[in-house]
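Here the chain labels run A, B and C in written order, and each chain numbers its own residues starting at 1.
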Amino acid sequence: MPTLTYLQAISSALRDELRADDRVLLMGEDIGVFGGAFKVTDGFVDEFGTDRVMDTPLAESGIIGTAIGAAVVGMRPVCEMQFSDFISCGFDQLVNVAGKMHYRQGLAVPITVRLPSGGGFSGGPFHSQNPEAWFMHSPGIKVVAPSTAEDAKGLLHAAIHDPNPVCYMEHKHLYRRVKGEVPSGVFETPFKARVAQPGSDLVVIAYGAMVPVALEAVSDGLDGASVEVLDLRSLVPLDEEAILDSVERCSKVVIVDEANATCAAGAQVAALIAEKGFESLDGPVVRVATPDVPIPFSPPLEAAVLPGVDRVREACRELLAY
Amino acid sequence: MATDMAQVADGGADAAVEHLTVEDRIWLLRAMLLMRGLEERAMSLYRQGRVPGSFYDGYGQEAVSAGAAFAMGPMDRLCILHRDLAAHLIRGVTPARILSQYMGRAAGITQGRDGNVHFGDRKLGCVGMVSMLPDMMLVATGMAMAFKLRGEQRCAMTWFGDGSTSRGDFHEAMNWAGVQKLPVIFVLENNQYAYSTPVDKQYAVDPVERAAAYGFVGVTVDGNDAEAMFEAARAARERALAGEGPTLIEAVTMRMHGHAAHDDMKYVPKEQVEEWRKRDPIERQEKRLRELGVATDELRASVKAEIDAAAEEALAGPMPDPATAVDGVFCVGEAEPLGDGQAPWSGFH
Amino acid sequence: MSSSPTDVLVDVTMPQMGVSVAEGTVVGWRVEPGDRIEAEATICEISTDKIDTEVPSPASGVVTEILVPVGDTVEVGTVMARIAVSGNGVAPATSAAQPPQPLDGGTAGAPTTETKSSSSAPAGNGHRRYSPVVQRIAAEHGIDLSQVPGTGRGGRVRKQDVLAFVETEEPPLHIESPYRPEPVAPAPAPVVDGGGLSRMRRQIGEHMKRSLDTAATCTTWIEVDMSRVEAARKRLGVTALAFVARASIDAIREHPALNAWLEGDRYTRHTDVNLGIAVSLGDDGLIVPVIPRAHELSVEGLAARVKEIARRARGRELTPDDVQGGTFTITNPGQYGSIMATPIINQPQVAILDFEAVIKRPVVVSDADGNDSIAIRPMTILGLSWDHRALDGALSAQFLATIKRNLENVS
């Protein structure tokens, strides 16, 4: 089984989909001739041509809107927002046209929107956002967020096969830093959570780039406590069963969000636990999240706001002692 | 600045006669009569409290949708707007389902999930509108994009109003369609008002001129002449299928009722309304057909009977089951693309 | 009376001993102004309509003033005394409303002159809170959380602590019984004065002696085949006691004379069955909380209520209202393996049912043709102590026979 980086795994999924299914069409700014801002589609036009790896005008609403049109006449468009931050320019089409179409008209909109997200490299306020909560909150849109190379490929295949609009949150920080064994060919990862590391004294719930942060935070310095790490992988649908199972066994929970704290995915997880996992709790549900600030540019400022290994470890330590 | 009627392209109706049989022309009148009759009946039901929410109609604009939709083939795809009921009728949506839809009943096209004209029968190739306008211009552009990529001989049509041309999606769609030379027909219904905003507060140039700015053809048509509308749409479709790209059709017409049933349109000068009443599209088509010896009174009677039967059927239908309110947010299983619609024009048979 | 400027003054207020009680009388002070007193130690004795009781001090400190002299009757909530707690000392427990004190002994509403013990909260300040999972585990295992040492922040009982406690406990012999063996950790020291018996033991003893002196106590026994009960209780996940309770209530319907009070000459039969269940509190003795209107509960309902009152009894959370109004009592001390007993009737009731261990025995069974063979059946002996002033041997035997029939026909 080959070892690929997270980014290579994404490329591999796109390539395999283009080969296997004529209906698949990639659309985005600078993805064709240039090979994409992050080189995800490097070399693709040579194999698939400029029609299927389309360099679009600079028009996010246009990209999402035309993708919807193509999807309802039988294509499988995979749109790229160059940075997830720019999805706000296409918000209306995604939330009001794509998200609500099946409920109102019984008409499925099988589009995938790739959203390179997250900070940690001085991208500043407009190149570092994690906007998934906006779309968790909009009915009719699924949201997934891989943290490993294997899941990056499997979840993207599953997203493209899904007949619904899917936001695929690919984390830029993980592109080249995460490597792993990735099966070849087309395979699907289910939209469910994954126990990244089993434990019994406390569970850290995280997704995306916060999963490696959590794993490192609990790897030592907690006096031998047995800490579980649950990788959500899918935000809509949220894997209630897995979350409540971890809570029942571990009774103490730390939830980590790289997104801004208020109404982030972790807030929904916390509400779920408070309502349905109350009797299993041996302590308050603790959240570690980026405060409600635009992500700053200068490195010490950015490091101060994004949840790092130390903050997560400290939260675990305190809760274990409670 | 209201479009001067003198500037409207002349000869449109004469060119149409070449492509329309008498049956076709009767079809056009029938579609308009059905649209107006249904909307009047629905308005009456609205005033009886049986139509929840708001009610919109296209009174006086029937030719814009009837004429343009009539030129669309079964495999073409439509994004229909709220004053274009005739387009739905031409594609094959039945009057009973439309009245059920207005009344929020289970038999409505959206089964109560969306209201009034926010519907589109996917099995007949129609995409239902959203309220954010002109979002559907991009969807139509996308459909046309797929047709071109796959080398198919079909096109997409979308309607939108004068007001919506001020929003970004108008620009993004026009630009995208122009730069990719897509087989899409943009029907701009210039009915002089966007709610209470007259066109001279909406734009500084006549929007038909904008087509040239995006690299394609723009034509102004008498929106109250069903046959002229048909001819403009037919020519645009020919252009699209020949690979010559999009067309912007500016249909000049007048919104004869308020923005919605709750609007008394006091802001519209009475003289303007009176001027346009003389150009009623149904009266004009009827006159043409009477000159050809067609018994239009019988046609009217048959339309009325159809509407009465539809109302009876719709009123007898149940409201949707509240237990189903949270169903169907996601598609489970295979995504079905849009289906083909009716295409009654003789040119397709 | 001196107190430093940094001292906090804590009020000692007249407690509410029961829902309907509005006032109380001070019958004795244990301290004088200037005396030092520790939190939880008795500061005075009071008398109310319902009960005489000792009042524990809400804080550790020095008594600054006594405001209500002996013999005075004041409203609930009235400040009776004040204690100065030193400024750098431990924060006082809330003193605004004393938590109601639980009762010992079996008195069911009859006024007595006995005073009752006061220990309710575990040693230390304030009121211990237990997290949802800790409470759940404790309830499932019938654990008295006040016995569990906590290693969490501030001495908090963590899930690991209660799980560890479960593991060190001896498994009981008859696991359906609400009783548990004496806890391993020493019980909080009750107040002891003079002799070797605790105050509570003496109080219980006095009640028991009085019962024997008053009633003409006799005991009758019957054997019961519990096979169907064992099968049914496993299916429902409840204790055998719940079935015995329900069977007894049903039997009372046929023999209402067993559900009565005899107070001197006054004899009252009750239609409601307020069922007392005896609960052991280890060194603190015995207490009989009452399930009111138990006849309205199903087997599952009774099982749930028994569990709940046992938990509250061990958590010292019972109120005076909880131990009043009983019309019939069941005692179930079966987990040590004893098979019979001669229980003492809980005054002013006329009978008490004793349910001991369920033990597998070889028994003779007859088939439909009258052929006898030996079978192994879970058997128990139910004992009924009854008052010969209100009942007789035949009535009591019939009552037991009805219970036996009910139990042996459980579906």
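The definition used in the following text is that a residue touches a chain if its C-beta (ideal position, glycine included) is under 8 Å from a C-beta of that chain, and two chains touch if they have at least 3 such contacts.
Every value quoted in this text rests on a predicted model; they were computed, and no experiment measured them.
Peer 1: Hey, which chain ends up farthest from chain C, C-alpha centres compared?
Peer 2: B
Peer 1: Looking only at C-beta pair counts, which chain-chain interface has the most contacts?
Peer 2: Highest contact count belongs to chains A-B.
Peer 1: If you average the Cα atoms of each chain, whose average lands nearest the overall Cα average?
Peer 2: A
Peer 1: Could you please state the distance in Å, as a whole number, between where the Cα atoms of chain A are centred and where those of chain B are centred?
Peer 2: Each chain's C-alpha centroid was found; their separation is 41 Å.
Peer 1: Using Cα averages as centroids, what's the distance between chain A and chain C in whole Å?
Peer 2: 56
Peer 1: Please report how many Å separate the Cα centroid of chain B from that of chain C, as a whole number.
Peer 2: 80
Peer 1: When you check chain C against every other chain, which residues touch at least two of them?
Peer 2: As it turns out, chain C has no residue touching two or more other chains.
Peer 1: Please name which positions on chain C make contact with chain A in the complex.
Peer 2: 131-134, 136, 152-153, 156, 158-160
Peer 1: In the complex of these two chains, what residues of chain A are touching chain C?
Peer 2: My answer: residues 201, 251, 278-283, 321-322.
Peer 1: For the complex, which residues does chain A have touching chain B?
Peer 2: 25, 51-52, 56-57, 59, 61-62, 64-75, 77, 92-93, 96-97, 100-110, 139-140, 142, 163-164
Peer 1: In their complex, what parts of chain B are in touch with chain A?
Peer 2: Those residues of chain B that touch chain A are 77, 109-110, 113-114, 118-120, 122, 127-128, 130-132, 135-147, 149, 156, 168-169, 172-173, 175-176, 179, 328-338.
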